[in-house]
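Several structures are given next for inspection.
Here chain A shows up in two complexes: once beside chain B, once beside chain C.
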Partner chain A sequence: MKVTFPHMGQVYLAAKGLLDDLGVEVIIPPPITKKTLEIGTRLSPEMACLPLKINIGNYIESIQRGTDTILLSGSCGPCRFGYYGVVQKEILNDLGYDIDIIIFDPPDTGYREFIQRIKRVAGRNSWLNVARAFKKASIIVEEADELLEIGLKKRAREANSGETDSRLYAFEREVIKCYGSYEILETIRKYKGILESIEEKTGVFPLKVGLVGEIYTLIEPFVNLNIEKKLGRLGVEVYRSLTLNEWVKIHLSLDMGYRLHHRRILKKAEPYLGLCVGGHAWQTVANSIHFSQNKLDGIIQVMPFGCMPEIVAESILPRVYEDYGVPIMTLVVDEMTGEAGYFTRLEAFIDLLEQRRNRTGEKKPSLSGG
Partner chain B sequence: MRKSQVYLGVDVGSVSINVVAIDGNGNVLEKIYMRTEGKPIQILKEAVGRMASLLPANVEIKGVGTTGSGRQLAAAVLGADVVKNEITAHGVAVLAFEPDARTIIEVGGQDSKIILLRDGVVSDFAMNTVCAAGTGSFLDRQAARLNIPIERFGELALKSRSPVRIAGRCAVFAESDMIHKQQMGCCCEDIVRGLCEALVRNYLNNVGKGKEILPKVVFQGGVAANVGIRKAFEDALGCPVVVPTHFDVMGAIGAAMLSKQHAGGNKSKFRGFDRILQNEFHSESFECNGCPNYCEIIRLTSDGATVALWGGRCGKWAGSQERIEEKRMA
Partner chain C sequence: MKIGIPKALMYYTYYPLWKYFFEILRCETLVSRNTSKLILDNGVMNCVDDACLPVKLFHGHVVDLLGEVDIIFVPRLTSINPGEFICPKFIGLPEMIKSSIRGLPDVLVLDYNAHKNIKNAYMAYIDTGKRLTGSSSVALKAFNLACSKQREYDRLLKQGKTPLDILELKREHNAGNYKGVVGLIGHPYLLYDQYVSMQIISKLRNMGYRVVVPENIEDACIQRACERLPKKLFWSYGKKLLGSGLTMLEKRMVDGIILLSSFACGIDSFIIELLHRYNQRQYKIPYTLITVDEHTGHAGFNTRLEAFIDMIEWRRAHEGHLSPYGASVSGG
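Up next, the complex of A and B:
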């Protein structure tokens, strides 16, 4: 069995660690590039949303490297993503590939099927081994997100422009050579130290911008056209709402404290939206309010073209702006998005926030947490 | 005698290149509006050359700002101090001339935008995303098809008594609908007026969607010269629409003002008129082979030496541009 999985930001680190530890042979799809997108766009239905197209591109590029099994996380179908596994299997079958897709739906609806599917991947590993590997993988997710968050803080303040990014590129080149969760974690920790030691400018008060929106678009930098890097280079400190770590904590772990925290944030959306309308629309509204209450300077919503849940959220956000007064901008991405126009909007939005701040003369200290 | 101090603003857009010179008090000294004609570097040099001949010989260029879709190119050719997006530039310029403005409607060659100003700062904006119907290029094309000089397009619209309704959702459909109305025998001025109204409808539904348009409304960009469109905006919004004196070069004025704010006591990076006009600038593109993204990288050379590089997702070429810049300053 040679296993692959679609890319989504830092997912590959945890997936590689997990599968290495279980002794399963892994093929990491090559990093997402324009070529991946081209393959995916050619082979997917035109109306499908962007993440599906990129997933297909990942699979094909892995199949070219000898994959025979695909692992995919599901989401029990609150939006189109819930059908991805099934649709993607059909697409690959139509193309004549004999590929097995194993879908991990979060065990919200019952652990039995979940356990059976794990068994298919884990083979003869003892349950203790499986549990350990999962534990390690969740630590990788957590620490990888911490690494990125150090990056977000540093990028806005680095004394030598571009240093944070070049360190992170070095990290990516190094971590890909690791085997097993131990080596991966060691590398992450090493680079946390390296990032922490990046020299900062003194006396800068970066603008603080929160990102909300569709989860895949937020987490995968190729899809959001490196929005975190672009904002960072404009001297903005970015706060993320949906992260892998958060997703794991809410759906897979038994961390009740965190689940309650998540509930409390969702509750803030109640005057506008009091239930799940698919995807992460609820979270988008709730997190926008959360960010506004925490006095961020601005909020940017990012979504793939035609994402219904986010369109619902988009229509609610102007009211959040009216009530809380923190500017919100929406950016839509798909395979047609031009980078120039995208950057113009980002830059103009940041100028707008800067002017607002200069007028009020408020310079806010860093937030703790997000 | 003390040299007079001048700030240059350059707006390199899809259709026109505008160069303005302002003095230390923000007064516009000279302005130049030229068509890009697909040759931005050549036309930019020409425009700057004309500006040099208009300005008195003893001026000192204290700062240069560039804006528009070609702002990086212009910045590299001229040696600019400030490179800013169009939205900020337009906002700054309008606030200087019309401090009580609350809405800016800007319709340019290939894009249109709305900028909302509240309490003297930009509070919201939007640009056209999906469709170019309602921009200058489309009007240009229709004027050419109807064989009417674009300058007379607006006056003609005002003569109409019963405008026809033209589908304005999409440039392609608008055109076929216009042809259809023509074949039905509608007269030319009614069609032109109908087109103006369709464009305004399109703008308000796409770009202005969900935005609170409050007076005073300022209308600028090349299309603001068109009195037909201006009238159609006034009818649709139910309030007067102000077209500023320098409506066609507001972006460039904004860029010049930003360079003035930025200047302080610093020396400008401006290359100087003589060097810009004498040097041959050449741009070429190549594919970066660093990863399978194969980004297109633009290299601008002047007399064989690379003066600027840009493009690419990862930022590695952007870094090299800064190094070139440092070398040049040293």
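Up next, the complex of A and C:
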């Protein structure tokens, strides 16, 4: 069995660590490029959302490298993601690929099925081994997110511009050669130290911008056209709302403290949206309020074109702006998004935030120069 | 009290229930006018750009009711069958309306959620009735009476009528002589909105074709047809469309299938894909997809419809006379 999985930001680190530890042969799909997107767009339904198309691209590129099994997580609606597995399997079938897709739906739909599917992947590993591997994978997720967060802080303050990105690039090149969760973790920790030691400019007060929106778009840099990098280079400190680590903590771990914290943030959305409409719309609204209360300078919502839950959030966000006064911009990405226009909008938004801050004079003017 | 019912989204499915329910509770109801250019424009102006046409239309119909009613009825249909949903936008609809439209009167939200238990959903009506009259026993009685009216409506639909025939046209269409049968698949809020669907039902009938719609298919058949899916389909309308489409194909009820979808409909994007692939593999019945949005023009629409009908007719006339030379003349 040669296993692959779709890309989503740092997922590949945890997935590789997990599968390596279980002794399953794993093929990491090549990094997402324009070509991946092209393959995906050609083979997928026209109106499907962007993540599905990129997943298909990932699969095909992995299949060309010899994969025979695909792992995918699932859900039970109402967001379309819950039906990805079925549609993708039909597409691959019609293309003539004989591929297994193992979908991990949340266990509340039936523990037996869930356990059986884990067994199919884990093979002859003992349950203790499986549990240990999962635990390690969750540590990888946590530390990888911490690494990226150090990057976000550093990028807005680095003395030599581009240094953070070149270190992170080196990290990606190195970590891909690792085997097993131990080596991956070691590499992450090493690069955490390297990032921490990047020299900072003094007297810089970066603008603070929060990112909210659909989780895949937020986490996968190719899809959001490297929004974190772009903002960082403009001298903006980025705050992320949805991270992999958070997702794991809420959905897979038993960390009650964190769940309570999460609920408290969700509660803030009550006057605007008091229930789950699928996807992460509720979180989008709640986190926008959370960011506004914490005096961020601006908020950017990112979503794929046609994302059903985020459209609900998008129509509510103007009211959050009215009540809290923190500007919110929505960026929609799809396979047609051009980088130049996208960047112009980002720049304009940041200019606006900067002028706004200078006018209100709440904080010292940014020395980052812009 | 005058309750405004927007003529959009689930209106075509539940109007009898709503109408009688409110009437028995001695509330006056006012339905917004038929969709027109004005209503569509109002909807587009008052809604986020990325929303789909039906949701924009709903906004337009709410705007149409402004100033004429005391309260506007906005159902939140989270789920109409246990374990299923309709669409995320249906769940967030009241919030979308409240944050997008200025000068809104009171909004009567019906929290219909049968996701866990169908009884919770019935309670929504009782609660709504209680809010209007102050008595839950009166509400329960009204709900039961209204339900019987709704069942009558559903029974008429199963006999082959379309909601349009019952709610709007009110006259019998000539069901006697027809050249063939066309399966018309789409969400009720598209198919039966005369403006958005460009009167597709009347046009097909005028061309001499009988129309079969998802509402005509028995629920049991839909359920059975959907069992071939490896995973339970969790959208009630997705299931209805796919199940009725598969039933029409399996039972050879139709000469062709037309899918009417609104641009960027998330659920349709998957349903259409699956139906299309199953049809290609197994049934090979003429099939077309017509996508409408707020810009669709009549001319292009008619051309596609006529071309499709021509294709069905040619197929019927010449199917047996294809040259045996070359393998895939019929695209197989």
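FYI, the second predicted complex is superposed on the first by the 359 of 370 C-alpha atoms of A that agree within 3 Å, B and C clash if a C-alpha of one lies under 4 Å from a C-alpha of the other, contacts with A are read in each partner's own complex, and residues count from 1 in each chain.
Note that a contact is a pair of C-beta atoms (placed from the backbone, for glycine too) under 8 Å apart; a residue touches a chain by one contact, two chains touch by 3 or more.
Bear in mind that the values here come from a model prediction, so they are computed numbers and not experimental data.
**Q** Should the superposition on chain A be reported as showing a clash between chain B and chain C, or a fit?
**A** fit
**Q** With the two structures laid over each other on chain A, which partner does A:103 touch: chain B (first), chain C (second), both, or neither?
**A** Second partner only.
**Q** In the superposed arrangement, does chain B or chain C reach more residues of chain A?
**A** Of the two chains, more chain A residues are contacted by C.
**Q** Is A:80 touching the first partner chain B, the second partner chain C, both, or neither of them?
**A** second
**Q** For A:319, select first, second, both or neither according to whether it touches chain B, chain C, the two together, or no partner.
**A** second
**Q** Touch check for A:332: first (chain B), second (chain C), both, or neither?
**A** both
**Q** Kindly classify A:180 by the partners it touches after superposition: chain B alone (first), chain C alone (second), both, or neither?
**A** Neither partner.
**Q** Given the touch rule stated above, what does A:90 touch, chain B (first), chain C (second), both, or neither?
**A** Only chain C; A:90 stays clear of chain B.
**Q** Put down the vertex angle at chain A formed with chain B and chain C, C-alpha centres only, nearest 10°.
**A** Roughly 80 degrees separate the directions to chain B and chain C.
**Q** On the combined arrangement from the superposition, state the nearest Cα-Cα distance between chain B and chain C in Å.
**A** 6
**Q** Check chain A for residues that touch chain B in one structure and chain C in the other, and list them.
**A** Of chain A, residues 318, 332 contact chain B in one complex and chain C in the other.
**Q** Within the complex, which stretch of chain A touches chain B?
**A** Going by the criterion above, the answer is residues 30-31, 33-36, 161-162, 165, 169, 225-226, 229, 233, 318, 327, 332, 339-341, 344-345, 347-349, 351-352, 355-356, 359.
**Q** Would you pull the chain A residues touching chain C in the complex into a rising list?
**A** 45-49, 74, 76-80, 82-83, 85-87, 89-91, 94, 103, 105, 272-273, 275-279, 281, 305-309, 311-316, 318-319, 332
**Q** Once bound in the complex, which stretches of chain B touch chain A?
**A** 69, 84-88, 119-125, 127, 129, 210, 291-294, 313-315, 318-319, 322
**Q** Under the stated contact criterion, what part of chain C meets chain A in this complex?
**A** Counting only chain C, the residues touching chain A are 47-48, 50-51, 55, 78, 83-89, 91-92, 95-96, 99-100, 229-231, 233-235, 261, 263-270, 272-274, 277, 280-281.
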